[in-house]
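Both complexes below contain chain A, partnered by chain B and then by chain C.
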Partner chain A sequence: MTGAALLAGPDPRDGAEGFAAHTARLGALPSGRHGLIDTLERAGLRGRGGASFPTATKWRSVASRRGDSVVLVNGAEGEPLSQKDRVLMESRPHLILDGAVLAARATGARQIVHYIGAAHAGALAAMRRAINERPDAERRLMRLVEAPQRYVSGEETAAVHFVNDGTALPTALPPRPFERGVSGRPTLVQNVETLAYVALIARHGDAWFRAVGGGGSSGTALVTVSGAVPAASVHEVDGSAVIADAVNLAGGLTSDSDAVLLGGYFGSWVPATRAWALPLDVGALSKRGLSLGSGVIGVLASSDCGVEMSARIAMYLADESSRQCGPCTFGLRAIANAMRRVATMQAGVDDLAHVQRWAGLLPGRGACRHPDGAAIMVRSALQVFADDFSLHVREHRCIVPAAVARAA
Partner chain B sequence: MAQKPPTQPDDGHVAVSIDGHETRVPKGTLVLDAAAGLGIHIPIYCAHPKMEPVAVCRMCLVHIERFPKPQPACATVVADGMAVTTDSAEVTKIREGMLEFLLLNHPLDCPVCDRGGECDLQDFTFRYGPSVSRFPITEKVHFNKAVPLSEHIELDQERCILCWRCVRYYDEITGEKEIVLEQRGVQTLVTTFNEQPLRSSFQGNLPEVCPVGALTHRQYRFVSRPWDLQRTAGVCPECSYGCNLNVDSRDFEIRRFASRDNPLVEDMWLCDRGRYSFPKWNSTERVRRPAVRPRAGRARDTAVGEAIAAAANELRAVIDAHSPSAIGVMGSAESTNEELFLLQRLARDVIGTRNIDHQLGSFDGITSEEHALGIAEIEECDALVVLGVEPEEEAPVLTLRLFKAQHKRGRRVHRVARDADPAGVVKAMGATTLTGVIADETNREHAVLVATALARKGAVRRMTVTRGVNGRGAKDLGVLPNVLPGYRAAPPGGKNGREILEAAAAGAIHALLITGPNAALERAGELLDRALQRAESVIVVETRPGKVASAATVLIPGHAIFEKLGTVTNIEGRVQRVRPALPPAAQTPSDTRVLAALAAELGAKGWERSDPMSVNRALREAVPAYAEAGSGGRALWTAERVA
Partner chain C sequence: MVAQRITVNRIACDGHGLCAGVLPEMIKLDDWGYPIIEARGVPRELMEHARRAVDSCPMLALHLEDRR
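Coming up: the complex of A and B.
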C-alpha cells in the first residue's frame, strides 16, 4: 500500500538528496534518447499536475514539431491543499532534473525552464542548489523562474505566458504551448512529479513502473492529506492503497468526518462512507467518475460545515480566476456569491437551483479549464451536502453552529 | 444528402460546411467570417472586425466536428473539410447561458440608456436569449453610473460587459494607453490609465467600439433614441481626408456624426475634431436673405432673381468700363465639385477672366502626381516619409493609417522635419521599392525635392494633404489661375488668390465674385479688408455672416454642405457624394442654380440644366478622370506637368 519509488532512499524530511548521493543510489542517468517515449507509453504514465494527461502523447506532440523546443518544469503548485510538489522538490530535486534532461533529449529541447512557486522558499533553494550540482552541459540549458503565487499560475498556458512576458494568466487563443510556447518554440509543460517518474522509468523500465503500482494502473502517487488529521502531510502510496490508508499514514482522523475533497479545489467532494474504501489509482477512480487530480485528500472535520467550506473554495476560485473569459468573470462569480449567501443564511430556495444550473453552464466554455474545475467542485458539493444546503436555505440553520459565525 | 464536391486544385481555398451549407473560403478565414459569408450570423462581443481576436467573451462558441469542446468562431481558422454547427441545441444553450451571465450583473436600465435600440446586448438577448426572465431573483452589484473620462466621454461602469474592446482599441488602433481594466478586489472595472482624463484625439470612436452603453458621448447623452434619428450618408466636412460618416439628425438638427465604415478611407475611425464638429452645422447664424447694397445707394433685402440681375449688372459694368480681367473670382474649398466646375466655367467662359483661385498662395507647377498615393495604398509602401507635423494636424485620421501600416503591416514610417534635407532623408531610408511621401499643400515645393531625391532609389508616390473638404476638387477642376479642369494648362496671366486681393486693394481689380465659406480668404486678414473696401463691386454667395458677407454689394445666401446634393473629392482623389441631411436655411435656390442664373443673366447660352446631377454629368464629360471615378472611386491621371 505505501509505495517507495519517488521517495525511496533517505527520509524526505532530511532535506534534499545531493547529486552524488542521488547518482550513487540510482546510477548514472541513462541516455534515454531512443525509445524513451515508447517506454513511457507502454508504462502508461500520466501527468501528475491534475489533468492526468498521457505523458507519451504530450511528448510526441512536442517532439514532432520542427525546430528546437523548450521544457518547462512546472513546480508552481498553486493548489492550496497540495504540498506534494514542494516536498518532492525539497527532497528529490535531482530526480526532477533527471526527468527534465531526459525530456529535453527526447523532445529536442535546448532550454529547460524551471517554473517554481515564489512562495515555496524551501523548494526554490533546493532546486537552485541542485541545478548548480549538475554537469555544466546540463546546467547551461537550465534557468529558474519564480512563479507568482496565484491559483492559475500553474496552468500551462499561464506558465508559458509568464515566462514570455511576465503575465501569469492563461491565454485564450491558440497556439497551444506544444505548438508555440516559450520564446515561440514548441514547449513541453510538465509537472515535477511526472518528470521524477520519467527519471525512474528510464532507469527501471515500464514493467517496473506497472509493478511498483501495486496492481494499480499508474505506479505510486504522492498525496497530500489535510483537514481532520494531526497535520497536513505528504505520502507516497501505490494503487492498492485506499483513502483510509492515506489518512492513517497521516496519523489518523482527529475527528469524525462526513466527506473528503478528493483531487483539490478542482476536485470532487466524496461522502466519507464511500471515500474510505476508494483506491488511490487514476484508472480505478476515473471508472467511478472521480480524479486524483493533484493528489489532494482534504478530510472535512466535524467542526467544519461542508456548505461553508465549499462556498469559501468557490469564492477563492472566483477571486483567483484570471477574469478574462465571460463564464468565469460573470458565471463563476455569480455562483460564488450565491453560495456565500447560502453559507451565511441569506439565500432563498431559488439560489440553489440557480447555482445548480449555472454550474452546468461553465464546463467547456472558458479558454482554460478553470471554470470546468470549479464546476466539478460545486456540483459535487450540492450533491454530497444536499441536506446541509437544504437546511441552510429552508431553515437558515447549520448543523455546525460555529461555522455560521466564521462564514459571516 | 449534400454531394461531396470533387477534389479541387489547391487555389488557396478550403472547403467548409456550416450548418450543412458548403462553402469555399480563402485559407486563414475565421469561422465567424466564413459563416457571415453564408449569411449565418454568430453573435460576438469581444470580437471586432478591425481588431485581432481575443476570444474572451465566449459568446461565439460553436460546435466543430471532432473538437472535444465548443470553439470560439471569432478565433478559429477554418480547416479543409471542417464541419461547423451554429444552430444546435448545444450552441443555443451556450448562448442562453452566456447572456444570462451577462445580464446577471447588467443594470437593465435600457429605458434610459443612450444605446437602447442599437445595443448588442439588447439585440442578442432578443435574438438568442432565453424567453424566460430570471431577473428578479438576482442581487445587482452597483457601481458608478456616470464617470466622466474626459470632456467627450462618460462611462457607466454598471453596463460594462468586460469585452476588452476599448482597451484593445487603444492598443491596436491608436497605439496610446489610456484605458485599463483594473481588478479591484472581486470586481473588474474599466478605468482610465493612472486615473488621468483621456487625451487622445480619437476618443469619439470608443462609444462605437463599445458593444453596450458603457462608454457614451457626453455630447449625445440623453439626447435621442436611435430610432428617432434620421440617417444620411455623408462626408466629414472638417478636413480634406474625406472620412465617410453618417449624419444622424432629428427635428432638423444634427445630433451626432457616426462612423460609416469605408475601409479605403477612414477605415471606420473618425477623429474627435471631425466627429464633434457637428453643432456648427446647426448654427442659426446664417445668411438667409438676398440683399443688394450698392456702394452709392440704399441697402435693401430683395428677391433672389433681383439680386442675381443686380450682380450681373455690376459685373457687366466693370467689364464695360475696364475689361474682364478687372474681375477676380474666388471659389471655396468647401464647395461641391459641381459648384466649382460651374464657377470656373462662369469665370473663364462667361466673364472671360483668368483671375480665379480658391486660396491665397501659388500653386505653380501643380501636377496630378502630387496626389498619386491613395490612402489605403499607404499600407502597401515599404516606407513612408511624412514631412512635418502639418499633414497629421490637418488630417488627423491619417495618423491611424500610418500606425496601421507600421504596426500591422510592418512598414517603416519616417517622420521628418518639414524642411528635412532630401539627401539626409534618402540616406536614412535605406533600400525601398516603393516609398510614400506625404506633405501638406503648403509644403509642396519641398516635397518635390524630397520625392525627386528618393526617386533615384525606387518608386515614389506622393500624397498632398489639401485644405478644405474639397480642396482637392478645386484643383482637379481648375479653380486655379494656372490650370484648367483636369490639370490642362491654362493660358498664362491669371492672378492667384493673393494677387487678386492685392490688385483689388490697389484698385486694379474692380469687382470680386466670392463663393462659399472661405477659410483661406479669412487668413488674408488686413489685405482682405482693404480689398473688400476698395472693390467697387463685391458679389458674394455665402452661408455665414461675417466679414465677406458684410462687405457684399450683392449678397446671395448659399446652401451649407449638409443641405445640398453634390460630390466632393478627398486628398487621394476619391469622388464622394454629399446629400442633404437638413432643409436649407435659406429659401433661395441651390448654389449651382444661382451660378447658372448669373451666367444666363450675363448672356451665356446652354446653362439651362443647372441642377447638381446635370452639372455632374457635364463635369464628367469635361473631365474623363471624374467619369471613370464615378461615385466613390478615385479620379486618377497619368502624370502631366503643368506650367
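Coming up: the complex of A and C.
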C-alpha cells in the first residue's frame, strides 16, 4: 500500500539528499541512451503533471524531430492543493536531475531548463544546490528559471513562452512544444515527478516498475492529502492503496466528510461513500471516468459546504484564466458568478441550469485545457452536491451554517 | 480526398461572429458570440461555404485542416 520508490532512502523531512549520498544509494546514472524509451513504454509510465499522458510517446515525438531539442523540467506546481512536486524537489532533487539528463540524452537535447515556481523557496534552493553538485558536463546544460506564481504558468505552452520571452501565458497551437518550443527547438515538457521515475526505471527496469505498483498499472504515486486531516501532507502510495489508506497516512479524518476532491482544481468531486474504496491507480481510476490528476486528495470537512467550496474554486479558476480566449474568459466568469450567487443564497431560478449549460460549452474551446479542467470540477460539483445546490437555490438554506457567513 | 475540418485559433478570435453567418450549417455562436464549430469533417457540399467562412474571418483565426 505505501510505496517506497521515489521517497525510498532517508526521511524526506530531513531535507535534500546530496549527490554523493544519492549515488551511493542508487549507483551511478546508467547511460540510458539505448532502449530507454522502449523501457519506459513497457513500464507504462505516464505523466504526473495532471494529464497522465504516456511518457514514451512524448519522448519519441521529440526525439524524431530534426536538430537539437530542449528538456523543460516542470516544477511550477501552480495547483493550490498540491505540494508533492515541492516535497520531491526538496528531498530528492538528484532523482529529478538524473531523469532530466536521461531525457536529454534520449531526445537529443543540449539544454535543460528547470522551471520552478517562484513561490517555492525551499524547492528552488534545493534544486540550485543540487545542480551545482552535478558533474561539469551536465551542469553546463542546465539553467534554472523561476515560474511566476499563477495557475496557468505551469501549462506547457505558457512555460515555453515564459522561458522564451518572459510572458507566462499559453500560446495558440500549433506549434506544440515538441514541434517548436524553447528557442524554437523541439521541447520536451515533463513534470518533476515523472522525471524522477525515469531515473529509477532506467536503473531497475520496467518489470520493477510494474512490481512496485502493488498490482496497479502506474507504479507508486505522490499524493497530497488535505482538508479534514490534521495537516496537509504528502505521501507515496502504490496502486493497491485506496483513498482511505492515503487519508490514514495523513493522520486520519478530523471530522465527518461527505466528499473528496480528487485530482485538484481540475479534478472531480467524488461522494465519500464511493471515494474511500477508490484505488489510487491511474488505470483503475480512468476506467471509472476519474483521474488522479496531480495527485490531490482534498477531503471536504463537515464544517465546509461543498457548494461554497466549489463556488470558491470556480471563482479562483475564473480569476486565473489568462483571458486570451473568449469562451474561457466569459464562460468561466459567468459560471463563477452564478455559483457565487447560489452559495450566497442570491441565486435566480435559472442560475443552476445556466451553469450546467455553460460548463458544457467549455471543453475544447480554449487555447489550453484550463476551461476543460474547470468544467470537470463544476460538473462533478453539480452532480455530487445536487441536493445542496437545490437547497441553496430553492430554500436559501445551507446545511453548514458556518459556511454561509464565509460565502458572503 | 481527406475530409477537412474547421479549426479556430481561440486567442486570435474576437467573437464578432461573422463566420456563423457564412456557415450557419456548421458554426453556431455561444452566449458571448464565440463560435461553436462542429467537429465533423466538412461535407463536400459545404466546402465552398467553409472556404468563404475562413476567408471572411477578419482576425484570420479560422483554418481548414486535414482531419486527424
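By our rule, the second predicted complex is superposed on the first by the 407 of 408 C-alpha atoms of A that agree within 3 Å, B and C clash if a C-alpha of one lies under 4 Å from a C-alpha of the other, contacts with A are read in each partner's own complex, and residues count from 1 in each chain.
Assume a contact is a pair of C-beta atoms (placed from the backbone, for glycine too) under 8 Å apart; a residue touches a chain by one contact, two chains touch by 3 or more.
Keep in mind the model is a prediction, meaning the values are calculated, not measured.
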Query = Following superposition onto chain A, is the placement of chain B relative to chain C best described as a clash or a fit?
reply = clash
Ask   = For A:51, is the partner it touches chain B (first), chain C (second), both, or none of the two (neither)?
value = neither
Task = Of the two partners chain B and chain C, indicate the one touching more residues belonging to chain A.
result = B
Key: Touched partner set for A:244, first chain B, second chain C, both or neither   = neither
Ask   = Once the shared chain is lined up, is A:144 touching chain B (first), chain C (second), both, or neither of them?
value = neither
Query = Regarding the shared-chain residue A:337, is it in contact with chain B (first), chain C (second), both, or neither?
reply = first
Query = So, A:318: does it touch chain B (first), chain C (second), both, or neither?
reply = first
Message = Looking at A:326, would you say it contacts chain B, chain C, both, or neither? Reply first, second, both or neither.
response = both
Ask   = Thinking of the overlay built on chain A, is A:348 touched by chain B (first), by chain C (second), by both, or by neither?
value = first
Ask   = Once the shared chain is lined up, is A:366 touching chain B (first), chain C (second), both, or neither of them?
value = both
Task = Could you pull out which residues of chain A sit against chain B in one structure and against chain C in the other?
result = 172, 324-327, 330-331, 334, 358, 361, 365-367
Query = Inside the complex, what are the residues of chain B that reach chain A?
reply = 45, 53-59, 61, 69-70, 72, 75, 93-94, 97-98, 100-102, 104-105, 134, 137-139, 161-162, 183, 186, 188
Key: Footprint of chain B on chain A - complex, ascending   = 172-174, 318-319, 323-327, 329-331, 333-334, 337, 348, 350-351, 354, 358, 361, 364-367
Note = Residue set of chain A touching chain C in the complex reads 171-172, 324-328, 330-331, 334, 358, 361, 365-367
Ask   = Contact residues on chain C for chain A in the complex?
value = 9-15, 30-34, 36
